[in-house]
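In what follows, chain A forms one complex with chain B and a second complex with chain C.
Then we have the complex of A and B:
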């Protein structure tokens, strides 16, 4: 690996990053593009280990890590791998998917407000799940939440909302602004549907539907993690591969086309990838609020680039979900669904974004 | 100091047609803006498209740059239908600068100009030695090297336009289409930008097509003027042939005197009053 600052010492470096060339490959990387994901990953491993150690039977971080690499004793292995790991793994996968999806949407729409929350995708998933809970009627919360019926309904709901979003936005291409407007319309239609379903629901169904809408990692098993992991194994590499094209799309349709981007194909691919990521994430843990909205914006401030970094956004999404889950389970007096905490962090942040946006436009 | 790269000048004018519109009809939805228009642009030429607001000149430029697909007729790039040529191949030959390009917030000038290499890069090869040399030269050629690490949104209007032209230069295309590159610039920066484009043509052998509002500047910098009115091509030729008092009356509804520019001798329009 050769790292060269500049081939000509008499000239200043051209790009903001350092040139990295390995064999036929080459790229311009800024150190923060590498440091932020690495530090986030380390923090994620630590928080995950702490989370797996906390519970009625506390286990130290060292023992958790030993157990994870196969060196634990019998009871610890059972508690960590069978009881606690699925919850954390689902949290990591959901956070990854939401973070990357948020970064894709925000870059594509050139709008920090574009996220699965504001575009109606999570609302679509909620409507699907609530319909499944309410319309199947009378099923006990445990039985419904344990089965895969609700995740499947949520997946279908999110994909339907995504399809509608795509079809209603498409006019020989996708305009980012139009995407946000159509998304807001879908969001309110979905909410009206949810309200209608809840109004007509039995009280117990309504309560269990409400827990689902908040987004929770309670009672997750490996059965939840496997489909999510499979979907991400396909969607995440594709998203990262789209990063270069996304960089060109950021310049607006005309310039992107001028640079040789096949516009319609690229736009379709980016939106479908983001919708797919959100659909699987939401079916895994419910619509954990605002993760996809705030994480890419924090990530872009940390890396200091011109657009939300995909990998760092994903890792920070995972850290936020797992960290919030840990806080709701241990620090708060009552065990609350994780979505309440992310919403409590996210809503003020959204307001701050809006206020800041207005200040800037009046300058 | 010059570095030999593939930015190097292309051949002198040969008369070979590089870009052509054949019977094109251009429409937005149902509204036809340009109908049955023919235009040929030869290798090494510098053409300015002029005409009153709404005459379809920007629409024509968009079609030439395959941003707008003709509803009838076709645009040919080197004799091949541009609509059926892979857009990446087009992007290696034809560069375009839209009227108000958008730069992402916080992007540095160097990274912007580097983006011009997009059609020459792949997922694996994102920043080759060639790319670096070409971008460095494009920056210094446009006098932007010292500003390479500045964010584009912190530049003045004139500097920003230079940065975009630098990006188009880094793309390394023989053909360059510019849509009103002098919009929103004061006179001295208009001259600055057009001098730069003129040098791209003269020193780099670029085939240039530019949409311009200012007739005097168009006559001064372009070799050929194309005048449009109501979506049709009204006149085409050297500035002397096109910029006549009769044409100004017909196309611009303007009574005017045409006198020789005291600096360059090219025709200069002195307006008298609007007709009708």
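Then we have the complex of A and C:
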């Protein structure tokens, strides 16, 4: 099997950009590396504003933006800030985390197919959440683990799956291929667990658990957004800091070692960061399928770099989640959970990646 | 790989000892299947002594409660378990042989996901509720899944490798389950029927299910046995096999037909059950060697014993309730799979 896999979509040479030096650090900066995140950010703001405006009580984009900066009137302020903003903010944060985590995994495994969806992480989170819903009767009034209990259980489930993935893959370092295969095994165990929990549930609980594991932004409040924002405030800067070693890791273990990377430490840090990001993202909105898979691939095509850019991936993830949510709420005849739309986009893309990857005799 | 080609003279004594070993394995597996079948009939929520079981079996008119339980619940369930285990064990061996892929398994390769989608569609659109109603749809879905996974996994030059097939299976499963979800999220009634099917269980399937799927499994088994010698040649690589006079496409078509019949029938009867097809061929290969003429029947027997054993285990650990056989097998099979992946270097799989 050829191990010449690269997360890059094409083999055109990467044009080096202008070198920027700040104190002891230096970086090569190309205009697309700046332009793509900026344009994505602008689109994200626009889509978020439209999303906050749509609903039973339509509000114009201008009014929404005015309200957001504190110039709105009373009822509009309540509707935008209390009712609609949490949903959009959770969507942005979740997309951000999934996009960055996907970029981390794909660069690290040198394989565009390594995503939390195929690695069993989101399945672990789903199993945790379903256990919380089913075992405590999430729909029954007065359940101890109500609103915040389910995200907490999902978090525990994802971290547990991540820990298992890490320990079972570890054999004097982490091999990208082994990571993917162990992930598939965990995925199927997690699914078995979910299926079993669902057969033991009341049908109402099973139905609400099913909506949860599809990934939905319905009924999000600031209570969901705050823990997520706190976690991202810690994990995102760390991830961006890790991107320097990532650049070395993508050349393969031996080269990375030769470039002076402490391999074990760097691999551990990257995997743990990515697992942490996924865990919090899933606990916030359920496992929104395939965002982490598609987004880094789009981002790397747009920036034309040698690997998925972290920041641009994160912003595009946010755009994808919020945009898909907007589409499911407004365009589709029935208000489906956002995860169904992202899955409908992402899964065919995954298959296409497989077919196309084989053609080039790399993975 | 053992073949009839070019056996040096000094190994003349070896086939005889190998033959003895294979016969011993066959006898051992038969004894194991009988033992597990007896356990499956005797053990359950209500303990029934072996003497009582025997009387119920020989005397068809015995009307005690125990006799009715044995005849109407336990015997059909055991027969179904044997059939399905046989089918899955043989199907796994064929899949691993045809793809020369140690990670071949109907559950992992997306075949059962295809069946799942077909079942959900039949429940949701046509209002079918009983297993005997949606058996046929599971069948069609399994066939579609098999063809799709191999088409995707082997697209382009280089053909299918273990990794691409496993990934194609995972990707296809993810896509199909996403579609399943889209239907179930807005359809509580379908979810209520579907959740008991998807878990993979022998419980609540009457004797009529076993009778319905038996002809397909029998046909699949015959095709598998016919296919076995060709698999030995294919194991040497397609070019060598062609040079030795094997018609490649014929062997592939027979193999695909057998896999589809076996997996489709098994999935239709019990729901998706993973890992039997993965674990069994590896264990049997260690006992009989790689000759498919022995590997195929022995894998069938061990598959039956494993599936039934897992079913009995599920009834014992969670008494008086039970753990479905699909769940038990996932927890046995996944560690086995991971061990396999860790032992071999991925590139050498």
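Criterion: the second predicted complex is superposed on the first by the 333 of 363 C-alpha atoms of A that agree within 3 Å, B and C clash if a C-alpha of one lies under 4 Å from a C-alpha of the other, contacts with A are read in each partner's own complex, and residues count from 1 in each chain.
The definition used in the following text is that a residue touches a chain if its C-beta (ideal position, glycine included) is under 8 Å from a C-beta of that chain, and two chains touch if they have at least 3 such contacts.
This is a predicted model, so every value here is computed, not measured.
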If you count the residues of chain A that each partner touches, which comes out higher, chain B or chain C? C
Can A:187 be said to touch chain B (first), chain C (second), both, or neither? second
Please indicate which partner A:306 is in contact with in the superposed arrangement: first for chain B, second for chain C, both, or neither. first
Contact-wise, after the overlay, does A:330 reach chain B, chain C, both or neither (first, second, both, neither)? neither
When the two structures are overlaid on chain A, which partner does A:221 contact: first (chain B), second (chain C), both, or neither? neither
A:136 contacts which: chain B (first), chain C (second), both, neither? neither
Contacts of A:250 with chain B and chain C, given as first, second, both or neither: first
Residue ranges of chain C in contact with chain A within the complex: 103, 107-108, 152-158, 161, 163-164, 166-168, 170-172, 174-175, 178, 181-182, 184-186, 188, 191-192, 195-196, 198-200, 274-275, 323-324, 326-327, 330-331, 334, 337-338, 341-342, 345-347, 349
How about chain B: which of its residues touch chain A in the complex? 62, 65-67, 86-92, 95-98, 101-108, 110-111, 113-116, 118-119, 121, 123-129, 131-133, 135-136, 139-140, 145-146, 148-149, 171
Which stretch or stretches of chain A touch chain C in the complex? 1, 3, 113, 117-118, 168, 171, 175, 177-178, 180-182, 184-189, 191-193, 195-196, 198-199, 203, 206-207, 210-211, 213-214, 289-290, 334, 336-337, 339-340, 343-344, 347-348, 350-351, 354-355, 357-361, 363
Touching chain B in the complex: which residues of chain A? 7-8, 11-17, 19-21, 24-28, 110, 241, 244, 247-248, 250-255, 257-263, 304-307
